[in-house]
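Per-chain residue numbering starts at 1, and chain names A, B and C are given in the order in which the chains are listed.
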Amino acid sequence: MVHSSLLKLSTGGDGEIVDLTHGVASIVSASGARQGIVTIAAVGSTVAVTTMEYEPGGVRDLAGLLERLIPCEGEYAHNALNHDTNAHAHLRAALIGPSETLPITGGRPALGTWQQVVLLDFDDRPRSRTVHVHVVA
Amino acid sequence: MVHSSLLKLSTGGDGEIVDLTHGVASIVSASGARQGIVTIAAVGSTVAVTTMEYEPGGVRDLAGLLERLIPCEGEYAHNALNHDTNAHAHLRAALIGPSETLPITGGRPALGTWQQVVLLDFDDRPRSRTVHVHVVA
Amino acid sequence: MVHSSLLKLSTGGDGEIVDLTHGVASIVSASGARQGIVTIAAVGSTVAVTTMEYEPGGVRDLAGLLERLIPCEGEYAHNALNHDTNAHAHLRAALIGPSETLPITGGRPALGTWQQVVLLDFDDRPRSRTVHVHVVA
């Protein structure tokens, strides 16, 4: 059984982190699946999906870490060759990855109490984003 | 067909890396699946799953790399706001990600000879961990 | 329904990035699946799979970033203990991860216009690589 759905959202970009947990759990619930897996994938090359404890401190720390490791400003070939400004966004997205696949158990995504599914929009402008959520059971 | 199982383990935390390959292969074998996929996901926001050559040198190098990129000590908002000490663990786990999905071929996870599935427990204290292993075939 | 296939390729190693999108899309198309998921996994502990905009600037930036964060040259225990030279390749592969799972929608992998599935071969010599592509629908 495959149950395909999607989440649509608008972000401010610039590394905004959005909690997708409720949306994902609702789709899993609507699918009727009790055991299986769910793939959550953001469309685009400047956006990523992972899990984290979604609280203000961790959100600020992750932004700080990524700016330290992969700064917005830098000598990037992507920007030079394409007259663009978001090379850092591409690099951050490629490193973290566009998707996460989680087990479903008891009709819910198998997450810890302090663990949320998040989208990270690294682009340097507001974006409309599509997230595919596919349940296989 | 979905076959759901789990691994329970205790770790010392502090970046301990545990080889899950035998446990995952046993669950895949018990499922009877010859072709399919298997999702391996650790529960929690301070633990991650990936693959690596599980040998003492690589284990030491990975610990060293993560301490260099994301040190235990630092000015972390998570620690300041929550009176906590494991912000580095949250950041490392979010970067590497909580799960891995692997193909199953010939009744086994498709891994190289020198490639193991590992759990990395970044929390700064011993933990009991649950890893969900879901086979879809 | 599980449809299992694989891609075989030769790379020059040293961080070569190979666009797998066409090969993956062909396998998905041949499977006949309209909705589902596809797992793309490279075999080995010095190779990784992610998505990115596959253009010369971004390819160069990603190579530069990884050399800055995880240099080829360094005091690596893997190299010292195993008389080896590719510790950096192991670390880069473990960080990015060996696989990606993407939704299938309308008979195609759900990717953005500027988003490609890529293999990154970090080993320090030419390699023959196997990539398993498993469709579940």
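Things to note:
Definition applied: contacts are C-beta pairs under 8 Å (C-beta built on N, C-alpha and C of every residue); 3 or more make two chains touch, one makes a residue touch a chain.
Owing to the predicted nature of the structure, the values given are computational and were not obtained by experimental measurement.
Of all residue numbers that take part in the contact between subunit A and subunit C, under half occur on both sides, making this a different-residue interface. Note on subunit A versus subunit B: their Cα superposition corresponds to a rotation of 120 degrees, in steps of 5.
Distance from the subunit A centre to the subunit C centre is 19 Å, each centre being the mean of its Cα atoms.
Counting partners per residue, subunit A has 37, 69, 95, 97, 101, 136 as the residues that reach two or more other chains.
The touching residues of subunit C, counted against subunit B in their complex, run 2, 4, 37, 39, 41, 43-45, 69-70, 76-82, 87, 90-91, 93-95, 97-99, 101, 132-134, 136. Per the touch definition, subunit A reaches subunit B in the complex via residues 35-37, 50-53, 55-58, 60-62, 64-65, 69, 95-97, 100-105, 110-112, 114-116, 136-137.
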